[in-house]
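The same chain A turns up in both complexes below, where it pairs with chain B and then with chain C.
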Partner chain A sequence: MKVDDLLNVPQFSLDQAEKDKAMLVLMKGLHEHHVANSVAYKEICTRVFGTKVDFKTLEDLPFIPVSAFKNHQLMSINEGDIFKVLTSSGTTGQSVSRIYLDKDTARLQSVALSKIISHVVGPQRLPMLVIDSKAVFENKLSFSARGAGILGLAPFGKDHTYVLNENFEPDEAVLKGFLEKYDGQRIFIFGFTFMVWQFLQKANFDKKYDLSNAILMHSGGWKKLIDRAVDNATFRLKLKEKFNLEHIYNYYGMVEQVGSVFMENQNGYLHAPNFADVIIRNPVDFSVQPIGQPGLIQVISALPISYPGHSLLTEDIGVLEGVDDSQGGWKGKYFRILGRAKKAELRGCSDTFNK
Partner chain B sequence: MNALKLNQYTPHSVSILCTELSCLVAKNYDLRPFDSRTIDFLDGLSKLILGDKAINRRPEMAALGFWLRKAQLKKMMVEQEQLLNNPQFKVAPIGKVFHICPANVDTMFMYSMVVALLMGNRNILRISKRMDAPHVLSLFDKLNLLLEAEEFTLFKDYINIISYDHNADISNYLSTGANARLIWGGDSTIKTFQSFEKAPRTKDIVFADRISMMILDSEKILSCEGKAWDELLRNFYNDAYTFDQMGCSSPQTIYFLGLHQYCEQARIKLSKGLQEFLLAEYENDVSSLASLKLNRMVDDALEGKILNQSGNNLFKLLQLVEISDSNSLHGCGGGYFYFKDCNKIKDMVALNVPKVQTVSYFGLSHDDKNELMKLAYGEGIDRIVKVGNALNFHYIWDGYNLFQELSRKVYIE
Partner chain C sequence: MENNQKLINSFQEALGLDTSSIVDSLTYQSVPEWDSISHMILISQLEEDFNVSLETDDVIDMSSFAKAREILAKHGVSF
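Showing the complex of A and B:
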């Protein structure tokens, strides 16, 4: 069993039983690989998860908190084999995650991403509208997440058009020009969720453009929109009302597991691809939550070879909605994100001045 | 001049220049140490607190109310006999005391003030703007109400409760005007305030970052049943969880005393009992606690501090490696306890470091306590108290007798 076996069959096609079987073999192998090649991973496993290595199911796999990549250098390769270092977006003052890739892992990531995206967009490169600014590549602070997102998806489009100018102001002429040119045709739209809302859904047009054949892919989280009382259902509804836009795909991914993308389909739930999975954990004792019970989201991916990021506990809270029975025939687990665990606010004695 | 404006809550609510504070303007010192008028004033406050149903159900408010009763104050006076009636000297106030109060303990500013007031000092208390909980605001109201009574108006020149945003000019002014500063709030606050100007004779009484420990006799844990057991769980909870385990006096490390197999069983029993108790009682966002603790466990594992972990995300136990430095043993809070098994108190030499403040205990014999006291004859351990009393204020704090510290001894021939 190799990860390529899971990449090369159509995504979202394996039912959970098949997938569990295949993933268990791969993940056991990855675990052993990281134990052998990352002292840090081995220490974490021994001291936090005990020495048990007899996995009966994927649920027995140790999980590392995503923040560990901020505080520690975690890799399973020699420094000489580092091909690329990915960093997470962090607002000023926050530490950033550093993810070390070798050529193999980088290749797997890009193959995996391509398999998932082409599953949704199709094999042809479509005219691509980017709800962002080209300047995002120049701005070192905001580059990492947004820039990487765009760069990752750009190969799936052509005639790339950015709707924000260099100063991150909406350029209506550009937006209208693009929509006019491709009105009613198959196009690919990409942007961060909040920006899609702000600069596409809320843009003023003289006429109604027809985006019924367009495919919108968006990501980046709901926090800013939830503050404005916009949830996924509203988001989808408003875009449908305004543009007849129906092919909307939110996705969930993180720099710590690039390529391993959980994709939304028409039902509005996120789906695990063949080579990745999700487990919802009870925050009290990390036991596994059944369908319908919210908890912290653990993400599992067969891609990370150069760094021990194959099993991560996120700080996101989600709920499993079902397994193998999604509308549209996508197999495996599907889930929903409810929010993010708050930063713990614990008051201490060192707590008087300047606050 | 606006730069010197601050908010005053007591004696009445007003925006005021720091140069106008009544404690700084007033000249005469009318109150003697443990003046009967001060005792009446505080007893009056006690009655107002204990009589207010809206706040007296809060344990910290009730504790404050009881602590302020006349009988309790008289008891403290008797305990200060050596200080108050000493043939070698007379005792006098130190003068104007500037209190920099902690934000985490809602009632701490009151204890700080009362000790100083009992010695006849004037008090300027800087409190955090975040202390805006209804029960805290209600304390200001009660003080202000009492200060309006004719017999207590003189106390208006003795109590100024204020707040202001970080402002070096105000801090310089108040520090220079003060005869003593009580600096709560740990290392960083102390550092900040020591950078301000002060008079050469201004005395600083500082409360630095400290860590605290707990010693549990394993056999006593195992034999504890029924009501006593419930009480122990409640006491443990009060010590550790009241301030999310982040108070200086909240235990960070638990020493299980006894033979290894008893320690093991005691841990299992305690874990089970506390986990059930916490599920019902501890209100916190457990998802954030789970992330916080997992992150800390990874850090501790990679720093080689811990051998293993057990328990759940409400009560987490981390076994320490054999040799560990007590100075650095501060967990992430919210129920994250390092532990060690120990056969004898004597072996707990790690406790004998300046950083250790409180050692709370359960089930220790008289001999054990003597051994513990021997450990305190070193550089650390300022308090040895029963489990359940770790957070209780006492005028002996951090190695100081605050009545002593806040008074002058006048030599008269």
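Showing the complex of A and C:
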């Protein structure tokens, strides 16, 4: 069993039983690899999970908190093999996470992302409308998460057109020009959730553009929209009303697991691809929550080889909605994000891992 | 040979590299000029110069100058 076996079959095609079996083998191998090659990972795991892990199911796999990448240098390669260092967008006053990639892991990430996105978009590159500004690329040495998100999806597009000018102001002429040029055609639209709402949904047009063949992908979180009482259902409904836009795909991913993207489908829930998974855990005792019970989201991915990011406890709260029975035939687990965990909810986590 | 020179010119124009550094062993992200932003400029340049339409997999697979030649050959460009 190799990760390529899970990448080279159509994504979202494995049912949970098949996937559990394949992932268990891969994750056991990855855990042992990181214990052998990262002293910091071994220390954290041993402290919390003991020296010997009994791998009966994926749920037995040790996990570390995403915040560990801020406090520790976590890598499983020699310094000379570092190809790229990704950093998280830490808010002011916080330390940033550092994720160390070698060439192999970077390649796996881009192949994996391509398999997921092309499952939705298809193999042909489509005219691409980006709801952002080119100015996000100005500091080439340290891209923001936004810049990295756009660049990750750029290979799926052509005639890349940016709706905001260099000063991050909407350029209506550019937006209208693009929609006029490709009215009714297959196009690819990408932007951060809040910006799509602000600069596409709320833009004023003299005519109704037909985006029934367009594919919209968006990410970045709902916080700003929830403050404005816009949830996912409203977001989808309003875009359908305004543009007849129905192919809408939100996704959930993080810099600590680039390439492992959890993708929404027509039912509005996020789905785990073949080579990744989610487990919802009780924030107090970390036991596994059943369908319908909210908890901290643990993300599992078979991609991280150069750094121990294969099993992470996030600071997001989510709820499992079902397994193998999603509308549209996508197999495996599907879930919903409820928001960021409150500080109090993370206290148990920090007590456990930062002794 | 003619198309090889044309390919060197495309790389030079899109990436702003000196022609002497545009050799088979030149790989993506090995020089500051060939990063993920200029990569998309390079792709557009190749599509224009060779009148081909490259797919997403081609964009992702184009990891070196030699690989670019291979991918263009797949699209009917002879070297």
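Definition applied: the second predicted complex is superposed on the first by the 339 of 355 C-alpha atoms of A that agree within 3 Å, B and C clash if a C-alpha of one lies under 4 Å from a C-alpha of the other, contacts with A are read in each partner's own complex, and residues count from 1 in each chain.
Here is the rule we go by: contacts are C-beta pairs under 8 Å (C-beta built on N, C-alpha and C of every residue); 3 or more make two chains touch, one makes a residue touch a chain.
If you're wondering where the values come from, they're calculated on a predicted model, not measured in any experiment.
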Chain A residues touched by each partner, larger count belonging to chain B or chain C: B
Which of chain B and chain C A:Ala68 touches, first, second, both or neither: first
Partner chain in contact with A:Arg125 - chain B first, chain C second, else both or neither: second
First, second, both or neither for A:Ala154, with chain B first and chain C second: second
Partner chain(s) touched by A:Phe137 [first = chain B, second = chain C, both, neither]: second
Touched partner set for A:Arg47, first chain B, second chain C, both or neither: first
Partner chain in contact with A:Ile317 - chain B first, chain C second, else both or neither: first
Which superposed partner A:Ser114 touches (first chain B, second chain C, both, neither): second
Chain B/chain C common contact set on chain A: none
Residues of chain A touching chain C in the complex: 83-84, 110-111, 114, 117-118, 121, 123-125, 137, 140, 151, 154-156, 158, 160
Touch list for chain C against partner chain A, complex: 29, 32, 35-37, 40, 43-44, 47, 53-57, 59-60
List of chain A residues in touch with chain B within their complex: 40, 43-44, 46-48, 50, 64-65, 67-68, 71-72, 283-286, 295-296, 313, 315, 317, 341-344, 346-355
Residues of chain B defined as touching chain A within the complex: 100-105, 128, 130, 166, 184-189, 192-193, 207, 209-210, 243-248, 279, 284-292, 294-295, 297-302, 304, 306-309, 312-314, 332-334
